[in-house]
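The first chain written gets the first letter, and so on, giving A, B, C and D; residue counts start at 1 in each chain.
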Amino acid sequence: MNTFGKNVRVTIFGESHGAAIGCTLEGLPAGFKLDMEALNAFLARRAPGGQGLLTTQRKEKDQPEILSGIQDGVLTGATLCAIIRNGDQHSKDYSNLKDCPRPGHSDYPAAVKFHGYNDIRGGGIFSGRLTAPICIAGGILRQILEKEEGIVIGAHLAQIAQVGDDVFDPVKVSAAALRRLDKKEFPVLCDEAGEMMKREVEAARMSCDSVGGVVEAAVVGMPPGIGDPMFYGLENRLSQALFAIPAVKGVSFGDGFYASMVHGSENNDPYVIDGKGRVRTVTNHCGGILGGMSTGMPIVFRAAFKPTSSIARPQQSISLSRKEVQELRVVGRHDPCVAIRAVPVVIAATALAIYDALREPRP
Amino acid sequence: MNTFGKNVRVTIFGESHGAAIGCTLEGLPAGFKLDMEALNAFLARRAPGGQGLLTTQRKEKDQPEILSGIQDGVLTGATLCAIIRNGDQHSKDYSNLKDCPRPGHSDYPAAVKFHGYNDIRGGGIFSGRLTAPICIAGGILRQILEKEEGIVIGAHLAQIAQVGDDVFDPVKVSAAALRRLDKKEFPVLCDEAGEMMKREVEAARMSCDSVGGVVEAAVVGMPPGIGDPMFYGLENRLSQALFAIPAVKGVSFGDGFYASMVHGSENNDPYVIDGKGRVRTVTNHCGGILGGMSTGMPIVFRAAFKPTSSIARPQQSISLSRKEVQELRVVGRHDPCVAIRAVPVVIAATALAIYDALREPRP
Amino acid sequence: MNTFGKNVRVTIFGESHGAAIGCTLEGLPAGFKLDMEALNAFLARRAPGGQGLLTTQRKEKDQPEILSGIQDGVLTGATLCAIIRNGDQHSKDYSNLKDCPRPGHSDYPAAVKFHGYNDIRGGGIFSGRLTAPICIAGGILRQILEKEEGIVIGAHLAQIAQVGDDVFDPVKVSAAALRRLDKKEFPVLCDEAGEMMKREVEAARMSCDSVGGVVEAAVVGMPPGIGDPMFYGLENRLSQALFAIPAVKGVSFGDGFYASMVHGSENNDPYVIDGKGRVRTVTNHCGGILGGMSTGMPIVFRAAFKPTSSIARPQQSISLSRKEVQELRVVGRHDPCVAIRAVPVVIAATALAIYDALREPRP
Amino acid sequence: MNTFGKNVRVTIFGESHGAAIGCTLEGLPAGFKLDMEALNAFLARRAPGGQGLLTTQRKEKDQPEILSGIQDGVLTGATLCAIIRNGDQHSKDYSNLKDCPRPGHSDYPAAVKFHGYNDIRGGGIFSGRLTAPICIAGGILRQILEKEEGIVIGAHLAQIAQVGDDVFDPVKVSAAALRRLDKKEFPVLCDEAGEMMKREVEAARMSCDSVGGVVEAAVVGMPPGIGDPMFYGLENRLSQALFAIPAVKGVSFGDGFYASMVHGSENNDPYVIDGKGRVRTVTNHCGGILGGMSTGMPIVFRAAFKPTSSIARPQQSISLSRKEVQELRVVGRHDPCVAIRAVPVVIAATALAIYDALREPRP
């Protein structure tokens, strides 16, 4: 099932080289005026080519067509369906993969699961291209969160290979800072780090290789007490959404794995009352989430991306039919670092989870 | 909603100091003979006191009573309900927490969410005690997985504070090795590391503090092609289950965050055909999951636990009513390191997710 | 899956002769003071024996024990679990049914579905006794609907065999009229019709037979615009809940099947503005539901119950093992007309559906 | 939420006069060769105009475009999305309905629910046109049921106004008989009754009025033991699907409401072993369903349709803005009897429910 959410429900469909990709989106508010220009600008951040040679050289026109749920630019409250037609496909590039699975790719388990009937062209349903409809759905919800609830979501490239960016100040990160990142072609907090990252990516590309990275995201303006205990906590909902993004192999909240190394006296966040009489914490090691619920502080988390599995250098694989080892060369155009274009996808997945939690009926 | 799963459905109920805690479990196979002795032994691993002074000194008798879904020890296929009566409660210990939220605990966001009506005694629904019903449900499913499907789940304490255990060999980890861990009072691969860990925990306890830790788990015997694309991949299901465990702040699969630092040529796992004609990978950096689906290799992942938030040393908090800072001393008996007793809980949560994925109707 | 609802979630568990029956109930409002006396009075209406010889002579003490989700009589907002211990069971009565399925009963398809492992004693999970937990859940929700939303649900025996009661006036039926029915031992609008019905039931009992009946229900005080299009309309939700009651074979709204015989000009309900400026309809052939949504008029519908399938007179069945016809005599104590005790169950099922629809996040 | 199903999931989207209508369909079997010609023939049965003047004179070209989930005519196992572009719309016909709700239509409750933002043109999401995507989804599932499982679904017009067709013999109804109905332009068992029905419809049309009707459906070839207890029984699933069809006001199984009038000795279906050693019932009053599960006998049920609410003759309504009564004339082209074109829609809704139940993991 390609469906996420309980109160807002998103279903993603499409294969990379099929007729179209898209999503349906249920649970939208009637009367909201959608900013199509802002939505297209958001989608452009994910689109290939927007970041020069650092990303794939395929050209996509990811302008969605909205088929339902909207009238004169205003949401009707009905199920929205948006599609993006596919085009510019080099389907012949993928002809040998049915028998010879790419290491690090979903080819082999997918062939088992779908008895060989899955559409393998361009990665089929497992293609990074399927993150475009996530961005449509998340891009719409993000607008609603910002305009109706004052909740702002942003993200930056926290790390590529072993080069780290600055990190969000989990207490002070502001909506303005997140919006500034939105406008950056290469979304980092420290531009010098960004330049080093670019060199890492370029070096990987030149050596027919790829690199991994980390995206750090923040949600600002979240009211306290949102999220449900146990299986529907914010961490559960967010991680369910984030692991839907291809290549994500780890998700952590607040200090995450680092918190496992310290003492409770260091990790607990003391409470304080701010000048406006609001409850705040002095530190925010928990990443704005306690017991699965928002504390009212910024929500801060990280998603780790493995390096792109499609690399041009020869790799060892097997022939499934002949049951023997063979060398594989993956042709086609691929991002040397998926994390870069994943920044808006992380934002979109976050919007899905946050919106779903916010719309949970109150106890 | 305290419910997990689509094909098997687990609902957890109960508050720490209410009448009882328990779970309902739907989607069980009719005719399976439940091994109650093994289930009770599994629950005993989570029960407090089993690990000496390293864990809380409360005494619980976590013997579940199964109210339905079973006849003469055999599952009927109907919804199973199991309960554990509460007892040995020092409810007065928690009297001041309604106004003065404990740092690092769910007290404050819970008070907001439930308008102050939540049962705060012993942590209420947010108590670690609620992991007992997770262990009942997961303990039952684990038996079914092992006996019906040949799938074995195990886990060890991979780290406490900054002391690390050996790690699972993600290619060779065996069912026998996992079963050996089951029998250990302090489940580590390297007993010397275990002794050092114990000293860390004891030191924290002596200084009225607590420490975090990491649990590493493995699933052996998983057939390839299990798991669904995007939102219902194995990583999504596992993380949704794992983040239900109190204090988990990070989840990673295979090399996880480390994979974000390396190149694709290092991270991709080359395919090979083994002596029995089966498809295997030479390495297993991906942790046995690609595209959300099992590769047939061991599934390996980590869950990071923050240090216990309830610590005896004085902390800064606030009075919600008077809107002013005040000092807080948390009394009561608490584990100095929740990760220790969390090992069986991680196994149980894993069983929930794996069983649910296995029972998904095949495409 | 024995689970109903999206915004409130009810899971029913238990077998007739197992340890206990019960339910979990998620999605309750924190802070609501439960009236236990009213709940027990409501349950007593379903309990056997309350209606003299007209119903089964088994004695049940259907006092529920609430295990969670409540503190000092006030809902905490957490998952509520309530159980009723089983007792007074004559399990030997059912010994031959494993091989010889009772006509009209679920024995045969259940044996196929559960491979013979289902608990057949007393009907197991298919027993009418399982309607007791529906009444617990629905009885709690009904209180909330009445006190928090001003919505009142009531029902009466509209027909037994071929004897009909008066029908609800779908325009004028009032909360007061529904409450009056609550207090009646034999809930009919016209007591003369009630006496005739009783004679029909008694005649059936005397001839070792049973009779069917119809329950008509009404929901008063429903605001307009509640219910969702297509698969989650009020009719869909109500029918999903009502067909969970054993022996229900038909559900109709407003004029129901009669509406299929008339013209649109007769069936359409003209709009009018009442003295308080509210939109009303002059007639209410549609039963208060259009397009799956409430019109603000009373919701009126009917549920048809087949005659009790357990009858004492000899019936033709088969031996499943020997594959041959044999005569069957069903022993044990059974209601000659299940519709009588079903009146509160219909009310309870209605409360489940209405509450779930009301709690749907607004578009 | 416009979504149906647990194991197969169907989401319907689109407004009558928006860009397109369509559906997504999750849970399909990989490798099934779709017969597009048969699918289009099935959709043509629902399309307006196929039945002469008896149905609406609008022209629709309901040829679906399948955007995903299919490659070279074979299902890939991925989410299928199919759309039908809208066209030939006379949107101005509906201009006054925003303020003046049509009696018997969803206009008023929809305006309340969606705060006036719903697309009212052509009925928006409440249009009968939205049954086209139900037919796409159900038409696909029906093919799979027939070819993979040997399960055949058929239906006929059992009644229009007060003219009744013959009824299905619930014991002997055959796949061949159901297939014959498929080929009939006016699907009745008795053609004389069909001619009388046509005269009723024509008379209603001539007097600017409409008539109701009943569709009777049968499912042949169903194995025993399919369906789940309580809330997910076959009756629950079927009624949830059937009440999604606009104008359905009643659903009954087997003898339905008639069963409420008779004795248990008349209504129980005695068991017998047939010549092939299979368990059968001599009669089939229960409509092939006991305890929510299939008995292995034909499943037989009825859906009652109210008369078309859009009628040309003047009706009394109100102005919502001015809060006063006014006369309304509904212009536009409407079926005088929705039941006629609803026959394939009932079949499609049945396929949704049956397929979902069949794919439930076995206990």
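Everything below uses one rule, namely that contacts are C-beta pairs under 8 Å (C-beta built on N, C-alpha and C of every residue); 3 or more make two chains touch, one makes a residue touch a chain.
Everything quoted here is computed from the prediction, not taken from an experiment.
Chemist: What is the touch distance from chain B to chain D, in steps?
Modeler: 1
Chemist: Based on CA centres, what chain would you say lies at the far end from chain C?
Modeler: The chain lying farthest from chain C is A.
Chemist: Where the CA atoms of chain A average out and where those of chain C average out, how many Å apart are those spots?
Modeler: The answer is 46 Å.
Chemist: Could you put a whole-Å number on the gap between the CA centroids of chain B and chain C?
Modeler: 39
Chemist: Hey, how far is the Cα centre of chain A from the one of chain B, in Å?
Modeler: Here chain A and chain B have centroids separated by 26 Å.
Chemist: Among all residues of chain B, which ones touch two or more of the remaining chains?
Modeler: Counting only residues that touch two or more other chains, chain B contributes 1-3, 6, 12, 27, 30, 77-78, 113-115, 125, 229, 362-363.
Chemist: Mind pulling up the chain C residues that touch chain A in the complex?
Modeler: The touching residues are 6-7, 27-30, 77-78, 229, 359-363.
Chemist: Using the touch rule from the top, collect the residues of chain D that touch chain A in their complex.
Modeler: 1-3, 9, 11-15, 18-22, 24, 26-27, 30-31, 65-71, 74-81, 83, 113-119, 124-125
Chemist: Sort out for me which residues of chain B touch chain A in the complex.
Modeler: Counting only chain B, the residues touching chain A are 1-4, 6, 12, 101, 103-106, 108-115, 125-126, 130, 159, 161-162, 204, 209-214, 224-233, 235-236, 239-241, 243-244, 246, 248-257, 259-273, 277, 279, 281-282, 285-287, 290-296, 302, 304-311, 313, 315-318, 320, 323-325, 339, 362-363.
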